[in-house]
Structure formats: C-alpha cells, structure tokens
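Residue numbering begins at 1 within each chain, and the chains themselves are lettered A, B, C and D in the order written.
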Amino acid sequence: MVSSKKIRYCLSVAMFISLFLLAGIVPAAMSANASFNIDKMSDMSDFDPNAVQQPTGDTIKIGYMAILSGPGASNGELFWPVINWVAHDINKRGGIVVDGKKKLIQIIKGDTQSKPAAAKQEAERLILEEKVHMFWGTSGSHIAKVLSDVAAKYKVPFMNCLALSDELMNEKNFNRYTFQTISNTTQWNMALAQYYADRPEKNFYILCQDYLYGHSMGTAFAKWLAVYKPDAKIVGEDYHELFLKDFAPFLTKIMAARPDVLYTADWSPDGNNLLRTARNMGFSQPIANIYITDTDTQKALGVEATKNLVVCYPFIIGDNPQTPAQKKLMTEWHKRWLTWKAPFNKLIYSWPDVTIGQTLADTYWMFDIIERAASTDAEKIISVWEGDEYEGLTGMHKMRAEDHQAIFPMFVGATGYPTKEVYPGAPYADGFSGINKVTTIPAEKCTPPIPEGLKDRLKNK
Amino acid sequence: MKIPPSDRGTIMEGTAFILLTQGIHGISYGLVLFLAASGLSMIFGLMDILNLSHAYLFMLAAYFAFSIAQVTNFWVALLLAPLAIACIGMLLERYLIKPVHPFGHTPELVLTLGIGMVLLEVVKSIWGTTMLTVMPPESLQGFIPIGYLKYPVYRIFIIVFTIIILCGLHQLFRRTRFGTIVRAATVNSDMVSALGINVPRIYTLFFGFGTWLAGLAGVVVAPLLSVHPGLADQVGLDAFVVVVLGGLGSLWGAFVASILIGLLNTYGIQLIPTVAPLITFSLMVLVLTVKPTGLFGDRQ
Amino acid sequence: MVILQTKNLCHDFSGMKVLSQVNLEILQGERHAVIGPNGAGKTTLFNVITGTYHAKGGSVQFKGADVTRTEPYQLSRMGMGRSFQITSIFLRQSAFQNIRLAVLSRRKIRYNLFKPIDSINIITNETEQILRQINLYDERNVPASTLSYGKQRSIELGMAIATQPDLLMFDEPTAGMSKEETHNAVRLIRRLTEGKTMVIVEHDMEVVFSLADRITVLHHGEILLTGKPEEIKNDRRVRSAYLGDSEV
Amino acid sequence: MKITKGHFIIGLLLLAALAAYPFFSGVVYTNLFVRFLIFALFGASLNLLLSYTGLLNFGHAMFFGVGGYATALLLEHMPNAGLLTALFVGASAGALLALIVSPMLVRVRDTAFALMTLALNQLLFIACLKLRGITYGEDGVGGFSIPPLNLFGLVSVDITHPYNFFYFSLCIVGLGLFLMWYTTRTPFGSIMIGIRDNPNRVNYLGFNLPFSKTVIFTISGFFAGSAGALFALFQNLVSPDAVMHIQNSFTAIIMVFVGGIGTFIGPIVGAAIMTGLENLAVRYTEKIFLFNGLLLIMVVMFFRGGFVGLYNLAKAKWGSK
C-alpha cells in the first residue's frame, strides 16, 4: 500500500519539520524509536474477553475509562476486548520490566456514565483508591476534558485514543499529562477534504449533531473543503437535535438540495437512524461519515443500503491487508473472534480494523512507551512519549512534543460489494457492502497546525 | 432555503412538493405519537391513573417485535407483541397499581416511575444496549414518487393503519357494550358498579387495552427508528406532551395535539432548524398557562 | 342597615336556569334563614354570595361594595365567614391546629416566617378560648379524623367563627346530624352568633323556626316571599310550595 | 418535644463525630459525605413542597441546575467574586427562577402540575444544551477558579482542599436544614400544611392561595439553588446532564419517598441511602437503575412511610416492650 519511496519521503519531511522545531536540541533520530513487532505477539488462543482474569497485587494498573451504564453503554463494552487483548498478550510474555521488576498489567474499569460529573468522581476514586498508574479512554470530548483535568491535578498520565475535538489539546485545555493518539477534528477534515480534492463530486450537504462536537466537525469540513477544493459547493448545512426521533424531514430537505455527498459526523443512535431513513427514502448518494453505524446494523440493512459509505479514519486496513504484520494480526484476531460468545460475538468485533484496529494499535504503542520508560513514573513516561516515533501497523506515528498530538497518515475507505477474503473462507464483509477501496492521505498532508500558545512550550523549559 | 429548479417543475412546484412531503412526514410521525399517547390519555380519562411506565411498555413492544420478527415476520409481530404487552399491562394494574391507587396521585406516579426504571434494566439485560434493526415487511419497502421526491410506502402504511385504529376506537366506544360501560364509568364509576357491573375487572381490561395500543405503536415505530434503550425517553416525552396538550382524558384532544406536534416538528425543521426541538415544550407550557386543562380536556 | 344585598341576581349552569332576578336583603345583626324545597337554588345562591361561583347576571353587594367577581379569600378578609355543607376541615391535623389557622387569618398573620408559632401566646390563648366555646378543649390535640361527625361539624363552625366575621354564612350546618346532635348544634349556633349577622340555608324547619328572625322562601330560583316566621308558617303559597302541610 | 439533657449530650456527641469524620475516613469517603450533604439539602428543599405543601414537583432539578450554573458562570466571568457571594448568587438564582415559573404553576393542580414542572425542566435542559454561547452546551462550565473563604477578613481558608470543603459544606447544609426546619415551625409553616391538607378551605379562610404558593416555591427554589451552587463549587464543573437532567428530579423524589414522606428528616435519611447505594452500585454492578426502581416500588407498595416510617413502626412495636 505505501511504497518504500513514499516512506522515505515522509521521513525526510518529518525530520525536516522536527529539525526546524527542535533547533536547539540534538536533531531527532532518523529512524523510528520503536515499532510494532508482530512476531513478538504471543499465542492468543486462550484469550476470551468474557472470562478475563485480572492479575492483582503489585501490577501496572490501567484505568479503563468508558461508558459502562446508561444509554451509551454499548460504547464501553466495545473496547473491552481491545485493551484486554493487549494486556493478555503482554502478560503472557511475562509482563513489562518497571522500576527493576517484571510487572503484569491489570485493567480496572471506570464507569463515566457519559456524564462529566460522574466521570470526575470515578476518575478520582480510581486514583485515590485503586492507585491506577495511567488512564485509557474515553468516548465524548466533554468527558475527555474532565479526565484530562483530573490527570493533571493528580499527575497521572492519560492516553486519549477516542475523543477527537480540537479543544482538548488547545492552549486553554492542554496539560503535560494527556496524550492524544487519535486524530483531532482538523486532521480528520483535512484528510477527508483532500480525498475529495481530485474527485468528481461537487455539491456537499453537511448534517451533524447540534452540540459542540457536531458543530466543530461541520465547520472544520467546510473550511478545509474550501482550501483543498475551491470549486466545491456546500448546498446545505444543518445541525439536528441530539437523539433525533425522525430524520425524514431532514432527508426531504437534503434530497431537495440534490447533493453529490452527504457529510455527517453522527454517532449512534443518530447515525444509525440517519442511514436507515436515508436509504429507506431512496437517498442513494454517498455518505461521508466517521462511525455512522455498527457492523451488525450494516448486516441487517443489507448490500444496497450499505453501498457508497465513505469512512474516514486514522486506521483502515480494509479487505486486503498490505504488510505481513497486518495480515497476521487480521487472521489471528478473526480466528479467535469466531470462538467468542455474546456480547463479543457481534460483527463489530470480527476484524481488528477501523475503531477496533486504531485503539488496538494505540494501546500497543502505550505499553511500548511504558516498556521503554521502564517506569510508571509520570515524568519518565512523558519524556519518552514526547517526540516519540513509532512505526505502527499502518505507518509512522509521531507524538508531537509541543501539544501531545499524534501525527500519522489518515485513510479513507469506500464500501462496495463484494469484498475480498482476508484469508481463505473469511470474507471481509459477508452479506453487506464492506470497505474494499482504501486511499491513504500521507501524514504531512494532514498535519494540523500547532496551537499558537504551545509553539514554544518546550523552548522556555 | 435554496431549492435548485427541478428538471420537470419550476421552483414554485419544487417548494410545493417539499412542503407536501414534509406535511406527510408530520402526519405520519404525529399519528405514531397518537397511537403511543392515546392509551395513556384514555387510561387517565377512565381510571385517573397517569402511568409513567407507559413509554417503557411502548419500547418493550419494539423489542418484542424485534425478537418475533427474527423468528417469523413483521405481521406476526404486529399481532403478538401488542397482546403480550396488554397482558403485562393487566398484570401491572392488577397487582401493583390497583393497591396503590387509593392513596392518591403522588404514590401512584412514583410507583409507575419505579416500574419504568425496572423495565429499562430488564430490557438492557435481555437485549443488551446495542442498536437493533427491524426491517419493514417486503411488501412495504418500496417508494412512491411525489414530484421528483420519493416517499417510502411504509410511512403511508402507518397513516392508513392508524386511521383504521382510530375509527375502530371510535366505533368501539360508540357501538359496543364494553365501550358504553367504559364511557359511563368515566363519568360515574360508583353508579356503574351499583348496576352490578364488576368495575375493577373493567378497569383491568381497559388498562390492558390502553397498553395494547402502546404495544401497537411500539411495533409500528420499530422499522422507523432503531430499537435501543433510549427509545422510551425519546418518544415518551413527546407522548406526555400530546396527552397534556390535548387535555387529560380526551381522545380527540390527543389526536389533534399529536398531529399539531408532528407538523410543527417537521415544518420547524424545514424552516427554523436550530430552534425546532424547543417548539414542542414551549407550545405545551404556553397552552397550559392559558388553559390549564389543555385544549379539549375538562379535568386537571 | 343593609349589610348584604343581591340585585336581580341570575345564574345558570350552561343554560339551565337556576336563579332568576333574586333580590335578597340581609339586615345588620339579624338572623336570616333561606328555605325552599329541594332544587329551589338555595345552595347555588349561597355559593354565588360566598364567591364560589361568579353570578351570570345581576350583582352582590357586601357592606356597600360590589363583590360579584371577588375571590373567596378577599370576601373572607372583608368579614364574610362561611361553613361548608360537606365538612371541609383539615382531617390530618388536630382540632387545635384547625382553629389556630382561622385565628391566624383573623390576626392577619399571613407570611410570618420569623417567630415559631408555638411562642405566639395570643394566638394560642385565642384558639383555646374558641375551643372551649365549641367544647372541644379536652380533645384539642387528637387528629380531627378520629373525632365523631358531630364534633367535626363543631370544628367547621368553630373555624367560621374564629375569623370573627361581620357576616356568618351557614350552609345546612346540621346536615346529617341526629336529633340530639342537631339540638346541641342549634344551641351552639345561637350562643356563638349572639349579636352577629347570620344567614342560614336549611331544610330542617325546626332549626329554622328556632333560630331565624326573618325567613326568605326560595322556589324555582325566585323569591316567593320574605317575612317573620309566623307569616311564613301560615302562608298558603309556602305550604303548596312544600306540597302539603308541614306541621310545625 | 422538650430538649432534655439526654438530647443535648447526643447532639454534642454527634457534632464531635462529624468534626472528626474526615480524619479517620480518608479523602474518598469525605467526598462521598459531601455529596450526601449536598443531596440532603436538595432533598429537603423538595420536601418543603412535597411533604409540607402537597405540591408534587417533578422538575425540582431546574432550581438545582440554575443555582449551579449561576455560581459557575459568576466565578467564570468574575473570578475575584467572594465565595459566599457566589453561593448567595446561586441560591437567589434558584429563587428567581421559582418566582418566574410560579404564575404558570400556581394555577394548575395535581397531575397537570406534575407534568407542567416536568415540561419546564425539560425545556430548561434543552435550553442549556442549545445556548452554547452562555452555557458552553454539552461540555458545561468547568475549571473556574474557586475563591478562598475569608471569614471577616481575618483568616482566608482555601476550600479546594477536601477537608476544608467538608467543614464548609457541613456548616452551609446545617444552616440550610435548620432554616427550612424553622420555616415549618412558623405561622407560614402551618399555612403550608393547611394547603397540603385542604387547599380549598385555606382559600376560604382568607389566605391568597396562588401568592402563598409562590412564596413557598421561592423559598424552596432558594435552598435548591444553594444546593446547586454548593455542587458547582464541589465539582468545579457544571454540565447539563449533571445538574439539569430530569433524572436529578426523579432522584430527589426517590430520596423523599425512600427516606419517609411527610417528615422533615425523611429526605436526609433518603439522601444517605441513595448516596450509599450509588457508591456501592458503581463498584459492583452497572444496574443502578434496577436498584432504584425496585427500592421505589417496594417503598410505595409496602412501607409508604419510608425508612423513617419503618423506624417509627419498629420503635412503637418493640420500644414499648
């Protein structure tokens, strides 16, 4: 997928930028500090997300901050197999040497109930009572903001691999203890805008949820579309009520405006209802989205309804893995998945791709950092992670030191039917349209500008 | 509102189609709301009970529809699910609500609140919290063209189906013996029991009938909206507004109010999208300030 | 001096005529009874005067002021106390607390949030004094719901009197009472309304003739005649209105 | 109930225990106790309406929310405002909202009243989400500076420290509960009880019913607003679903019912039970709703007097032996 010429090109640009920024300090190392090594992955045949035994005692404690109760509870369940797959893999290798001792990894659940106040309460409990060393989380930008404040107050590092709004790492909210490994709103929309830059579609209709996240995504896409595709036209822009009951009125408005592409950042249940109502009402044009719906709903909607979905994500492998590492991981994970029982036998867990793949790769990166820091001490982890370059499953991930935002190539996948078999007898999407065409947007084409206030954060250290 | 001239019609014609389609959307969603709210309003009218768990029974029906439709088809679900909900409703009334009813409205409202919470958790533990999809039956999956816009057949089915139910209700109350007894008991239940009619049994049956309507609404709405634990809150609040706005206990009030809210909602989205969600509640507060008993109601 | 007057008062319930052209006059200090067969409109007249209904036609004058549209609480403040045909007291509270609320109203203590009520002695004394008058002093701390029907009616009367109104309106005060209870109630009413103006709507002729100075007979929503008890007793029209001689 | 010497000693012991509580319970349980205090104040303010005036307010969270937002926004825009002023602003915001909504509410009764308050609460919740310019929408107002408590300029106490905040909230809630208890003892208190038992008769006794209800509403709104303000200072964050959501109104009703409707101590006991339950549920299960729902049904079905009623029942049965 990414030819060696391209890698060298990315590296040189990345090196040039880091040189320019860290003028006073020794130029960054040419090659990556570390990389994901598939061969080190232990035999995962005994891994079962339903029956995870957490080691206790003197362990590396990770606070898994997720929505475990309330309407959004499916969200919390989604990443439980991911973080435990990595913990299980590392524990089978004997754990990580930390402060001179080999320690196993213990995952401790923290229920944010998708409410800022509850999340704050729970995070403090995990720190004060369970003595967690690091936070892993969390869905909902407003929840991530609260966790990042708690992380700073109690000096506990927090990896945010799920919430993506720009405000999280801007001057006002930035703090040294939070690292964002998922792309932010700007990166996202820069990538998607560039994807459409040299494509025929001209008219775009923006429909997002009427709250902070929805507005920031809608406005960002309009802004970067104007930059990369000046001749594109926004034929309509609407923000609907969260948990909207009936999308039909919006669909009639959209179909009247006859757009080529409908752009939405909705997550479920809104995304789900939007897709169903759109296809039910005969709107067959492409829908550019992030996580419009889960795989089980796509299977229920069938081939026609799930055609023409354009997914932009920081991690997409699709139906033909490029590198041996991708192939092995996809095969290994899928084989294990076939044995899992409810609720983890759902289709969304079938491939370590898109959301599941991205969080899996980021979690491997996090534990790699702890291994290299050989300590759970916040300062050591921060110094290793700032400026780190990690060759992940889908390309080079660089943690920018100034604003703790990870930079990496973005991907845009288009769904179609049929999809190839990842390994004999295992089609990527069976009975519905899956991602069968992936376009890469190189890192330097979607590197967001460093927030003004943080540009010289390290210089006056 | 920029509307490109459709290739066949002028801009005016384009607007006409849009407004017509939005009107039909409004009516179809309004009628679903009416189905959900009518049971609630009638139960209050006759038995002076306000059942906060009504919306959760409505959601339970949608989940039943999902499970039954998986095994058989949509039509069997449309038949069985409401009946199951009616039975559950009767059990609830007989063993939980009836003993508490004599103690006035406060304990009763709080009791039904508790029942709602329990139903929510039961649903989550059985069906989980992810989105479940109920597809409309094949015969109702097509479109019919309105100008250059296409309109799903299923929504037309909803309008027709609800009108039939409404006429059925009308006939039931006007013609049948059960209907006459119910109307008499609404005015003076002591006199009706004095005439030797087992009023408590009528109450239980009628409560079952009210929840049966909620069951119908649940099944009918399942293919429209995805079935998930938040469905009860989503539609439940609108149903309450319909009942209170239309006048507690008045069937025609609920009908007019639900159409009104349906249309206001869709035209609100078409014309003033940002403020649309506020319309429903501000309308309710406005009406109640002017006429505390609602549009058609006579009782508080 | 006329304390209460209705000028061609009309009232109907959605078209059904109940009162037509009623001109009633109540003099200061007199005990006036309003009698008439069932359905004559006595209770409606009573409720229109006390502000429960707003008259559809004509007007009600109280102490010279037009009170046709006035709210019940303003009428009470202007000095019109009333009792209810169906006992309407605070059943969950004791007799003492029931009467005390009426005393608070008389002393115009409406929004006092500063002094504990138990520490205001004049309130307690006045309440106890009224309780002695309606001889419920011994059972003053027992919840009203546990008292007998007669005693609850005494609380009803006590509350009406406790506001020390200029005009007392009684709506069938002895309704549902036994012979013996009626006697006690009549003696109580006579004692409590000494020197005060009173209007009583009543069925029981015995009560009417033992209490009333003047009687007005209401028939089919109109005043048949007003006069002394003797005139009313022997009047032919009254007898026919009541269908047959009611031996007094 | 005469204050005997026994009561006095028990009171003193209780105070000593409360004073020493943070030291032997650690930060987490101190924070838990503060949450209990805040919800006790909130529950007691609803109790004024529910138990003492018979007004079933299904939207009490709107006063709590407005109080919280007023304090948070004040400290956001005027960081140097005093702590007590911020608290007072929050409380009076609650009272002001009560005053504004009263004309609509005092003329409706019973079920329509309950639904009207529910609708108003939902209206304010949506408004909170939509007026992003003022309330920052979904994220809510957070990270504002908490000014120190300066007692008459003599000493300045930084209340962000959990222990200090514990004592601060103990005094505020203690004062609030005492004032509310005192209100029920005043003449206006007996008018409130009259309205609960027989509003029609109160009207005929010469009390302006709508205006009296408005006064009661404003008092209850004041204390609910103060609870909201205290919550804002405690969490240093106020978001729509934390303070304004209908779920908070339901929680308040559950507290009054489970604790014991009709008594003053009821909501305080109810707050203790609810906070305890929530704390246990968070650790062991995600089914908090099931707990609350079943508890509610049992209380309404079997012991309508709530835990206080149960305690009195038990005392009466065994106490006399």
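Just so we're on the same page, a contact is a pair of C-beta atoms (placed from the backbone, for glycine too) under 8 Å apart; a residue touches a chain by one contact, two chains touch by 3 or more.
Quantities reported herein were computed from a predicted structural model and do not represent experimental measurements.
Other chains, considered apart from subunit D, cluster as A, B | C (clusters defined by touching). Looking at subunit B and subunit D, the chains that touch each of them are A.
The interface with the greater number of C-beta contacts, when A-D is set against A-B, is A-B. Put simply, the C-alpha centre of subunit A and that of subunit B have 40 angstrom between them. Distance between subunit B and subunit C, defined via averaged C-alpha coordinates, is recorded as 49 Å. The distance from the centre of subunit A to the centre of subunit C, with each centre set as the mean of the Cα atoms, comes to 79 Å.
Shared contact sites, meaning residues of subunit C that touch two or more other chains, are absent.
Subunit A has residues 73, 210, 241 in contact with two or more other chains. Looking at subunit D, one finds that residues 126, 130, 287, 289 touch two or more other chains.
Contacting chain pairs (ordered by label): A-B, A-D, B-D, C-D.
Looking at the complex, you find that subunit C touches subunit D at residues 50, 71-73, 76-77, 82, 84, 88-93, 97, 100-102, 104-105, 109-118, 120, 123, 159, 163. Listing the residues of subunit D that touch subunit B in their complex gives 50, 56, 58, 103-104, 107-116, 118-120, 122-123, 126-127, 130, 250, 253-254, 257, 261, 287, 289-290, 292-297, 300-301, 304.
On the subunit B side of its complex with subunit A, the touching residues are 2-4, 14, 17-18, 21-22, 25-26, 28-29, 124, 128-131, 133, 135-136, 141, 143, 149-152, 154-155, 224-226, 228-230, 233-235, 238, 265-266, 269-270, 273-274, 276-277. If you check the complex, the residues on subunit A that touch subunit B are 71-74, 77, 210, 235-236, 238-241, 243, 245-246, 248-250, 252-253, 255-258, 268-269, 272-273, 276-277, 280-282, 293-294, 296-297, 300-301, 342-343, 346.
Taken together, the subunit D residues at the contact with subunit C in this complex read 182-183, 185-191, 193-194, 197-198, 200-209, 212, 215, 219.
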